[in-house]
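Below are structures written as structure tokens.
In what follows, chain A forms one complex with chain B and a second complex with chain C.
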Partner chain A sequence: MGATFVRNWRITLRAYPWTYFVGTLATGVLTIGVSLLAYRAIGGGRVGASFTAATGSADYLGYVTVGAAALTFVTRMVLWVAKAQITEYREGTLESQLLTPARRLPYLVGVTAQALSTTAVEVTVLVAVASALGVRLSVPDPLVLLAAMVAATVAVVGMSVPLSALMLAAGEAHITQNTLFTAMALLCGFTFPTSYLPAAARWLGEALPVTWALRVLRAATLPGADVDPWPAFAVCLVLGGAYLLVGLSILPPAERRALHRSARA
Partner chain B sequence: MSHALRVVAAEALKQHRRLFGQPLVLFSMLLWPLLTLAATYYTVLPVMESATASQRWPVAADPRRLLAFLAAGALAYTFFFSLVQSAWHFSFERVSGTLEALFLSPANRMALVIGNGAAALTQNAWLFGCFAVAAATAADVLDVAHPGMYVVAALALVVPAVAWGAFLNSLLIFSRDSAFLYTLLDDPLWFVAGVRLPLFALPVWIKAVGVAFPLTSSLVVLRGALLDRADLGDLAGALGWLVVLTVGLFLAASALLRLGEARVQRTGNLQVF
Partner chain C sequence: MSTGIVTTDLRKTFPARRWQGWRRRHVAPVAAVDGLSLRVPPGQVTGLLGLNGAGKTTTIRILSTLLRPTGGTVTVDGLDVVDHAREVRRRINVISGGERMVYDRLTARENLWYFGQLYDVPRARLRTRVGELLDLVGLTEAAQLPVERYSRGMRQRLVIARGLINDPAYLLLDEPTLGLDAPIAHQLRALIAQLAADGVGVLLTSHYLAEVEQLCRHVYLIARGSLVAQGSPAQLAGQTVRRHTVRLVLSVADPAVTAALRALAARHDAELIVDVDDGGRPRFALRHPEDLVGVVVTAVVQRGATIVGLTVTPPTLEDAILTLTDPAVMAR
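Right after this comes the complex of A and B.
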């Protein structure tokens, strides 16, 4: 785990993917930008009653900003963790990884730890830009915020491991990852409350641990939203753990399939 | 002229064979735009429901009109983005070593990039285009002055998009890094072009940047003609500017191609990746 952490930091320092960074940051900043302009120029600084009813707060800009920051976090983390193994496969090092006695979970935890440290910087930049644009954020309860970060990490790792298996088995990452990102942006309640969605889509969202992690995050950051974050926290951990177990159990067959494919080619 | 047309047709056929039936097209041109459209709609909905919104922007009062407005934006954006994707595919010519062969052939360079872009457009955007037209007809939100305006809207979308594609493709003669296309032209493009907001909500300096992109004016024409019952007279300004931009892009593309070819003849790095 430690070795993976150090190695990935070296890769990052030597060849940092700046275009990726600008790309994800731009998505976050522009989402906030659209909401900001709509809120000021069209809404006249007010939101409809349905939003206040659904969230218990009228802080629309804070809601969208926190959601955009969370979406950046989730996107970047999934890109790191779920793509770790298919990148090894593409670079030709998957065989060596399978030959070493290192186990899969510590390897993935190492990748996650390194990803957390770089993603933290990126999310901080995004929140700083939002504050520069005039968005005011508040954190009524720092302990809950910490819990939200733990929940989000568990949720992301839980979803990334089965995704990694899927990518290895399909030998493809671009379509899988972008479909997941666009679906999550719609289903999980990043920039609007999930109660706006039709019932079927809402249920799909409930099955994703990220949705529950966001509920904890809202409890930590929305002033006036008086909800107990701990049930959502528990559901998030259980769901994330279940995804992780499923992922770890389907990873070996996926690796075998990828190896067979590269042996044939 | 017939020579150039044959080059356009051949390049278009090649692109067709490369792209047609790829699952990527289905995802990037239909599924992702639809999911993103829905997410955008729900994100701005709280603001549109506020009491002031319908006074400042009548479209906000009716969810169906709001959705049609955003869908028109998504449609035009998808058209232009499919050209960004085509330029990305064009950069593969360099990777696979065939860019050099293209430049050794006597084919008209301009015809090449136009063929490439036009094929990508018909390959990719027709899917979402058909869907958007079907959805708009079913939801009964179209408000068109006379049938001729459909032709005007389609031309105002397709011709500048092909010019845009030719321009992007010619840029790639100079650079082997196509990642900048996605970074610079994906998110910032929809932001400045008023894809998700009416232009009046944008600050002046963003509007000024947006005017330089053909997508902005294409959208004004598309929305005016299909949703707001505008006729040719109402849209004359936007159409005129669109013609200027289109001609400018074609001229810039042809100049870039000539400059770029002279440069690679000198440096010999066309096959270098």
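Right after this comes the complex of A and C.
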């Protein structure tokens, strides 16, 4: 685990220029900026009653900023963790990994730990940019915020492992990851309450652990939202754990499928 | 418990699909390894030879636990490679020529350190092991450079060091000298011989047959995934129809000599190739199961021609491979 953490940090520092870091923030900054303009210029600084009813708060900018930060966290973490093995496959190092007696889970934990440290910096900078744009976030409950961070990490890792297996089995990453990102952006309630969705879409969203992690995060950061975070926290852990177990069970056959493909090539 | 790597009736098929109109349909699976039984004992170099597509690399991937066999068994010191894959991985390692296998953005030292940790090499041992291996493959001076700045030969040397990081009891070498400069290839061959002398069981595939003849005590020859012959390199060469090649170069062209050699070749049913060397002098190559050097030289000298070059090449391992893997021979 430690070895993979150090390896990934070294590779990150050497491989990615600072402009890449700016690029990763662009989506989040743009989301907040456009919402800010719409809120001030079109909405006149007010939100509709339906929004307040759905969220329990009238702080639209806080809602969007937390959602954009969460979306940045989730997409960046998925990109790191889910793509770890297909990157090894493409770069020709998957075989040398699989030749060793090392287990998969510590490897994935190492990748996750490094991804967390990188993504935390990105999210912090994003929140600082939002603050510079005039967004004022309320001070969160530290315990619930910690629970939200744990929930978000479990949710993301849980979803990333089966996604990693899918990528390896299919031999491609872009279609798989972009399908997930689009589904999450629409279904999980990052920038609007899930109650706005049609019932079928809402049910799909409920099946994703990220939706529940986001509820814990809202409870920690949204003023006036008198929501008990712990049921959502528990559901998130159970769902994330279930995804992780499924992922760990389908990863070895996916690895073998990838090796079969390269053996036949 | 049997020591060494032992395969019994090993089989591996790959599912195959072909486009038929708009759909891809399953067709008969392709057999890459078909009933192969072999043994790689500790303390010696064993060769695995065959033409491209014979199943050598697939066999190595199965022995190294990367692929699961479709049928048959593989054991390493009595441990089944499917049921005890993790324990088997501690005992073996693989060095492949032409494969990446290392991280471009890391230095050689960082690569070896990382892989050492994946193999659970104790830290104190790993520290000295990394230095030893860098010395061994001549990368000490370049140890702090990212691998992406290495030449192909340097990269291959690092792949070799990676393959030795866990002090494997068995080493599977798939074209290990591919892309290496002659001195480094020579050094690697010496290293392989030394490893075998130290008790490591080595399985070697190589297109450089001189390498196989030099290193291997026992050779398995496979074609289409099946064993076609085995024995020492000398025994294998002797199993085939012997083809001695007599090559001679004359000082000047002489139609009478050429006609005499053509007649001689026809009489003995030998293969004759006539061309000129770089200096424009007539050159003859006569191939025949028997050594015809005596009758060839007599025919030339009787016609007063001057021989400026004469070599006789006995049958080689290459001849054996070409003959034994010939589909017509295999059909018989």
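Everything that follows uses one rule, which is that the second predicted complex is superposed on the first by the 260 of 265 C-alpha atoms of A that agree within 3 Å, B and C clash if a C-alpha of one lies under 4 Å from a C-alpha of the other, contacts with A are read in each partner's own complex, and residues count from 1 in each chain.
As a working rule, contacts are C-beta pairs under 8 Å (C-beta built on N, C-alpha and C of every residue); 3 or more make two chains touch, one makes a residue touch a chain.
Because the structure is a prediction, the values reported are computed rather than measured.
Should the pairing of chain B and chain C on chain A count as a clash or a fit in the superposition?
On the superposed model, which is not a single observed complex, chain B and chain C fit side by side.
Using the touch definition from the top, say if A:197 reaches chain B (first), chain C (second), both or neither.
So A:197 only meets chain B here.
Which partner chains sit in contact with A:124 here, chain B, chain C, both or neither? Use first/second/both/neither.
Neither chain B nor chain C is touched by A:124.
Using C-alpha centres in the superposed arrangement, which angle lies between chain B and chain C as seen from chain A, in steps of 10 degrees?
Superposed on A, the angle at chain A reads 90 degrees.
Regarding the shared-chain residue A:91, is it in contact with chain B (first), chain C (second), both, or neither?
A:91: touches chain C, not chain B.
Check the residue A:100 against both partner chains and state whether it touches chain B (first), chain C (second), both, or neither.
Second partner only.
What is the contact status of A:249 with respect to chain B (first) and chain C (second): first, second, both, or neither?
In the superposed model, A:249 contacts neither chain B nor chain C.
Is A:138 contacted by the first partner chain B, the second partner chain C, both or neither?
Once the two structures are laid over each other on A, A:138 reaches no partner at all.
In the overlay, answer first, second, both or neither for which of chain B and chain C A:263 touches.
A:263 contacts chain C only, not chain B.
Counting touched residues of chain A, say whether chain B or chain C comes out ahead.
B
When the two structures are overlaid on chain A, which partner does A:7 contact: first (chain B), second (chain C), both, or neither?
The answer is second: A:7 touches chain C but not chain B.
Tell me the contact category for A:185 with respect to chain B and chain C: first, second, both or neither.
After superposing on A, A:185 lies in contact with chain B but is clear of chain C.
Taking the superposed arrangement, what is the smallest distance in Å from a C-alpha atom of chain B to one of chain C?
Across the overlay, chain B reaches chain C at a minimum of 11 Å between C-alpha atoms.
Can you list the residues on chain B that touch chain A in the complex?
These residues of chain B touch chain A: 23-24, 27-28, 31-32, 35-36, 38-40, 42-53, 56-57, 60, 179-180, 182-183, 186-188, 190-191, 196-198, 200-203.
For chain A, which residues count as touching chain B in their complex?
Touching chain B: residues 19, 22-23, 26-27, 30-31, 33-35, 37-39, 41-44, 46-51, 60, 64, 174-175, 178-179, 182-183, 185-186, 191-192, 196-197 of chain A.
Show me the residue ranges of chain A that touch chain C in the complex, using the header's touch definition.
2-4, 6-7, 10-11, 14-15, 91-93, 95-102, 256, 259-260, 263-264
In their shared complex, at which residues does chain C touch chain A?
Contact set of chain C toward chain A: 14, 30, 32, 57-58, 61, 64-68, 86-87, 89-90, 92-94, 99-106, 110, 113-115, 117-120, 146, 162, 166.
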